[in-house]
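Each of the two complexes below includes chain A, the first together with chain B, the second together with chain C.
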Partner chain A sequence: MLWIAIRMLTGDAQKFYGLVFGIAFSTLLITQQLTIFVNLIERGASGVYNVSSADIWVMDPVSRTTDIAYAMPATALDKVRSVEGVAWAVPHIRAQASVRTGDGDLEGVAVIGVDDATLIGLPKRMLEGSTEVLEQPDSVIIDDVGATRMFPDQSPIGERLELNDQRAVIRGIADAIPSFTSTVVLYTKYSQALNYVPGTRNRLSFVLVGAEEPAQAKALSERIEHETGLKAQTRDEFAKDGIDFIIENTGIPFNFGITVALGFIVGVAIVGLTFSLFIRDNIKQFGALKAIGVTNAKIRRMVAVQAGLVGLIGYGLGVLGTILFIWGFASNPTFKGFYIPWQIPLISLASVALILALTGWLALRNVLRTEPASVFR
Partner chain B sequence: MGTLLDTSAIGGCNPEAAICTRGVTRDFQAGQQTITVLHGIDLDIRAGEMTFLVGESGSGKTTLISIMCGILWPTLGEVKVFGTDIYDLGDSELVEFRLANIGFIFQQYNLIPSIDAASNAAVPLIAQGMERHEARTRAVAMLEKLNIGDQANKLPSQLSGGQQQRVAIARALVHEPRLVVCDEPTAALDASSGRRVMDLLREVAVAENRACIIVTHDNRIFDLADRILVLEDGRITHDGREMPEGH
Partner chain C sequence: MALDWKNLSFPRQILPTIAVVGLLGAAAFILAGLPDRTLSDPAREPPHAPADLAAQPRVAGSGVVEPSSETVQIGSPLSGLVTRLLVEPGDRVGEGQLLFALDDRAVRAQLREAQAAILEARAAIAEAQSARATAGRQLALYRQVEDPAAVSRAEVIRAEGDANAASERLRLAQARLQAAEARAGSARTEIDRLSIRAPMAGEILAVNIRKGEFVSTMGGGGSQPFIEMGQTSPLHVRIDIDEEQAPRLRLGAPATVSPRGAADRQVEAVFVRAEPQVVPKRSLTNSAAERVDVRVLQVIYQLPETNGLFRVGQQVDAYIPAKGDEE
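What follows is the complex of A and B.
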């Protein structure tokens, strides 16, 4: 009977494609929007993710994210180094600056100063040049998204910038996760950054810490807080704070939530309407089957198989559409590093199952209510 | 002359009757009003006969046939089909009973448009759990018996009305039911197609151990009946081999 159910469904090509389209469109909308949402808010933690070697971030107690940090006195570094269990601790500065390009345009940039000796604080991979270029005077490394943005059709290597009235020369391109605002990021040595960024007596944004036992990072961060009075967070905690900041302070979750809800509603509307039409068109056949002796349980299974088939194909197409979207825009800086977290296809699958359960149940009610005797009328 | 009211059987059924109804009454609710469509029908249908149920629209034919084949509950009375009091059965038992014992032929055929003739004819066997290939083989054999074996792979939309009705007959007989119920089998066919279909139906459906009830208006086929029951206003007013004068 299940084979007959599938043939009944696929035999009506228009409605079959309508149902598949409804589910595929709904899946695409839900999966793609959730993917963009998750990847966008994860950029709130890009500053943390880009420094993969630091187990713990130490900061002033009022600091909230990598971009909202209150400077500490330079002595904070020594305090942290003196805590037992700290393998290494290096200074890290993050500040905003204005840069004048060769064309005379003014661009806001983030300047990140990394430890002079170890260069800890730089992204892991370089796209052009090596990290050693920072040994040269006035050197900066630009992030790849920034390079595309500031120098769309040319290589930025060797370009001179006027950075807060100081000379800076781009000598490398880092492969970095873009920030939430896609701000251009310039990496330089800590000592050089102090020159580029005018400021007050306190300039140290963070102290990056490597733990002797990385697995005990949480305990170490608590010890640092206890002994120094500073705020210390593990890498994951600080990344989460960056993400939470975006969620709490922007309308992004609400806007994406609306789109995801629309995807669900559109799915229910298209699939519900088409499924109801399909059932209505076949109500005589279902009535005949019931008269012949097909039980309601078998009818339920038939409708479930029809819904399941439509769901599987539509869901597969929707997820495939999202994969193609991400793949197609992979080279676009806006979507750099985007990926589909495994939870999102599961959420879409649950949504599709809910859409089909809801619409299938509504359609099935008509079938189950049909009196077998109606076939004689 | 068939048995209209076998007084000896009142209160019990003739054990030889394929179908036996006693005191079958059916009411329908129309707003505040209760309409009685059948008034205490007592009837015995014998196997091996083609019984026609004839009457004007609204006379209760469809209601009676629905009750006799277990798809509409009577308000009062009992119905035995081959000795089984079908309305004493539980819901699922009744459905199983229909699947095993009754073949249906509908006025509008009610074939599934997206499967071919053989698969349509095989539906009762598939519903009984038979493997699809075997069911199709048996359905094709039945279609051959009805002279449309060469149309087995065609969809209903590729068949004429007469051919579709023959597929419906194949579907009604493929599982060898003991009762065949036909609702206006010739209503959607022209005269010659209707006649051919009825000739075939008589040939393949009538068997010693099988009862065949046909609801019809079509006076062109009355000569094929072994027994004609006339229903008027929910009561049987004639039971005989031929139609009464004046009808």
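What follows is the complex of A and C.
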């Protein structure tokens, strides 16, 4: 009986492909737009996620994100080290600087100074060179996206830059997630960064802390706040701060929200119209089925199977399209590090289910009301 | 429903298969593509509190290694050319050992002049003595003559005058000898002052002059001291403690110290003293523009013998026990 329902569905190729297209299109729109949205606002947290070994970030109470930080006096480091439960603490400087390239162009860069001795604060992986290159004088490591921006079609290794009248030689490329603004990032040692960034009184932007017990990071961050008067955020909290900052200060959530809603509406419109047309066209057949004694429950199941098949194919193709999109653009620096959070396909699955349930229910109302006798009219 | 290749339907069989395979592939892609945000341990060990302090109140500070005598910057009392340089960085010297000598030719010439003047004065003394003896004998001869008519009064007066003049000349010559000797003495002192000696036993830490260079006591030409030395066994470490942390410090407790870059090699240092004065934090970053208005308490600790692990001027991280909540 259910097989008949499927034959009934695929018998009308026009409407069948219309339904599949409708579902696939709204799945693609919802999944792909949500993916880009999530990845875009997570760029606000890339600075936090690029540092792989710090459990807690300590900063001035007015600092908000990795890029908006008010510097602290150098002794803040010792204060943090004095707190019980802190396994280690290292200084971290993040500042904006202007760099003069070999051909004289001026470019704004972010200079990140990592602890001299341990190099804590560098991204986990290097694309080219090793982190040891920072031991050489005047060395900096550039991030991969920055390298493609600043040195298109050439290797940046060995390029000399001028930062605050000081020589800087690029000796490595780090594999890092770019920031929201895709600023070129130069990693160097803390002591070197102090020379590269024009002087202000206090220079220490962050203190990176490793907890004795990483599981207790939240409690430790509260203790640090209590004992030092500084602001301490666990890694996840601070990543969220960066994301919240972008949500609060840009129109991105609103824009993407509109697109996702459009995807949903388009899906409802196309699928709803086609589905109810399809059911109406087949109302005679349903009538005939009723006439030979098929119950309403059975008909409901038949329509559900039809909706399920359309949903499966449409949803599968839509997700596949998103995957192909992300995969195809993976090498593009704009989409570097983009991934599909596993929740998003589930959200679009729920949306598809909602669309199909809504339209199926609307279409079924007619069928259920059909008298078996109508087949003879 | 057996699969029949002839009746294989695109919408009924192939399309759902594509969809299911696509979904499985998507699930694999999504799971494989999830970003790696796991925390990792730092590749190199950062400085951390020693095990017995980990769960106790503590104060952390950073410091600089210095000689136990502090660094002595050797000066020169006189300006001049360096003609001899007898020490190299790393040499161990005893108290009073010659470090370097300045050009002393001019002073030596003065000494020779003074020595010549001494000889001259001695000759003059001898000459004056013989003149005085001659005059004395002549006067005595006149005085022995009984007959007043035999010697005129004028002759006697002249002889007396001669004798007086001869002894005055002797005194003058003696005074001249003393003056020349004093001149020779001051020239010798001057020569001595041109040789710079170690004020104490210790190790030469830096030599900033070279043979042939002019050293000036006027201070111009850079503020580098000529030679830096200090007592490096034992070494001390001067630890800066933030003034806000200072009241918590348990004074007298031993500190755990590790050099930058070798955080795993911690040593225990013995408390020496706390500086009575709280001072503005000295720049530890070598940045000329650094002006930090934080004040620090400086605590001095004595480092154990560690065979070259610590060197003068090196930065260290230190952990010191703090007063607990018992008070």
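As a working rule, the second predicted complex is superposed on the first by the 376 of 377 C-alpha atoms of A that agree within 3 Å, B and C clash if a C-alpha of one lies under 4 Å from a C-alpha of the other, contacts with A are read in each partner's own complex, and residues count from 1 in each chain.
Simple rule for what comes next: a contact is a pair of C-beta atoms (placed from the backbone, for glycine too) under 8 Å apart; a residue touches a chain by one contact, two chains touch by 3 or more.
Please read these numbers as outputs of a predicted model, since none were measured by experiment.
J.: Which partner does A:A74 reach: the first (chain B), the second (chain C), both, or neither?
T.: second
J.: Let me test your reading of the model: by the given contact rule, A:V90 touches which partner, first (chain B), second (chain C), both or neither?
T.: second
J.: Just to be sure I read the superposition right, which of the two partners does A:K124 touch: chain B = first, chain C = second, or both, or neither?
T.: second
J.: After superposition on the shared chain, which partner residues are touched by A:P341: those of chain B (first), chain C (second), both, or neither?
T.: After superposing on A, A:P341 lies in contact with chain C but is clear of chain B.
J.: With both complexes superposed on chain A, which partner does A:V20 reach: first (chain B), second (chain C), both or neither?
T.: Second partner only, chain C.
J.: Report the partner of chain A that touches more of its residues: chain B or chain C.
T.: C
J.: Looking at A:E213 after the superposition, I want to know if it touches chain B, chain C, both of them or none. Which is it: first, second, both, neither?
T.: A:E213 contacts neither chain B nor chain C.
J.: Could you tell me if A:E222 is touching chain B, chain C, both of them or neither one (first, second, both, neither)?
T.: In the superposition, A:E222 touches no partner, neither chain B nor chain C.
J.: Look at A:M1 in the shared chain and tell me whether it touches chain B only, chain C only, both, or neither; answer first, second, both or neither.
T.: first
J.: Regarding the shared-chain residue A:D115, is it in contact with chain B (first), chain C (second), both, or neither?
T.: Second partner only.
J.: Please write out, lowest number first, the residues of chain A touched by both chain B and chain C across the two complexes.
T.: 3, 7, 10
J.: Okay, in this complex, where on chain A does chain B touch?
T.: Listed in rising order, the residues of chain A that touch chain B are 1, 3-4, 7-8, 10-12, 284-285, 287-295, 298, 371-373, 375-377.
J.: What does chain C use to touch chain A in their complex?
T.: Checking each residue of chain C against chain A gives 1, 9, 11-12, 15-16, 18-20, 22-23, 25-27, 29-31, 33-49, 54-62, 240-242, 244-245, 248, 260-261, 263, 281, 284-287, 289-294, 296, 317, 319, 322.
J.: Going by the contact rule at the top, pick out the chain A residues touching chain C in the complex.
T.: 3, 6-7, 10, 13, 16-17, 20, 49, 52-55, 73-75, 77-82, 84-90, 115-120, 124, 131, 177, 191, 194-195, 199, 201-203, 210, 212, 214, 235, 309, 312-317, 319-320, 322-323, 326-327, 337, 339-342, 345
J.: Mind pulling up the chain B residues that touch chain A in the complex?
T.: Interface residues on chain B, with respect to chain A: 62, 65-66, 69, 71-72, 92, 95-100, 102, 104, 106-108, 110-115, 119, 123-124, 126-127, 132, 171, 183, 215.
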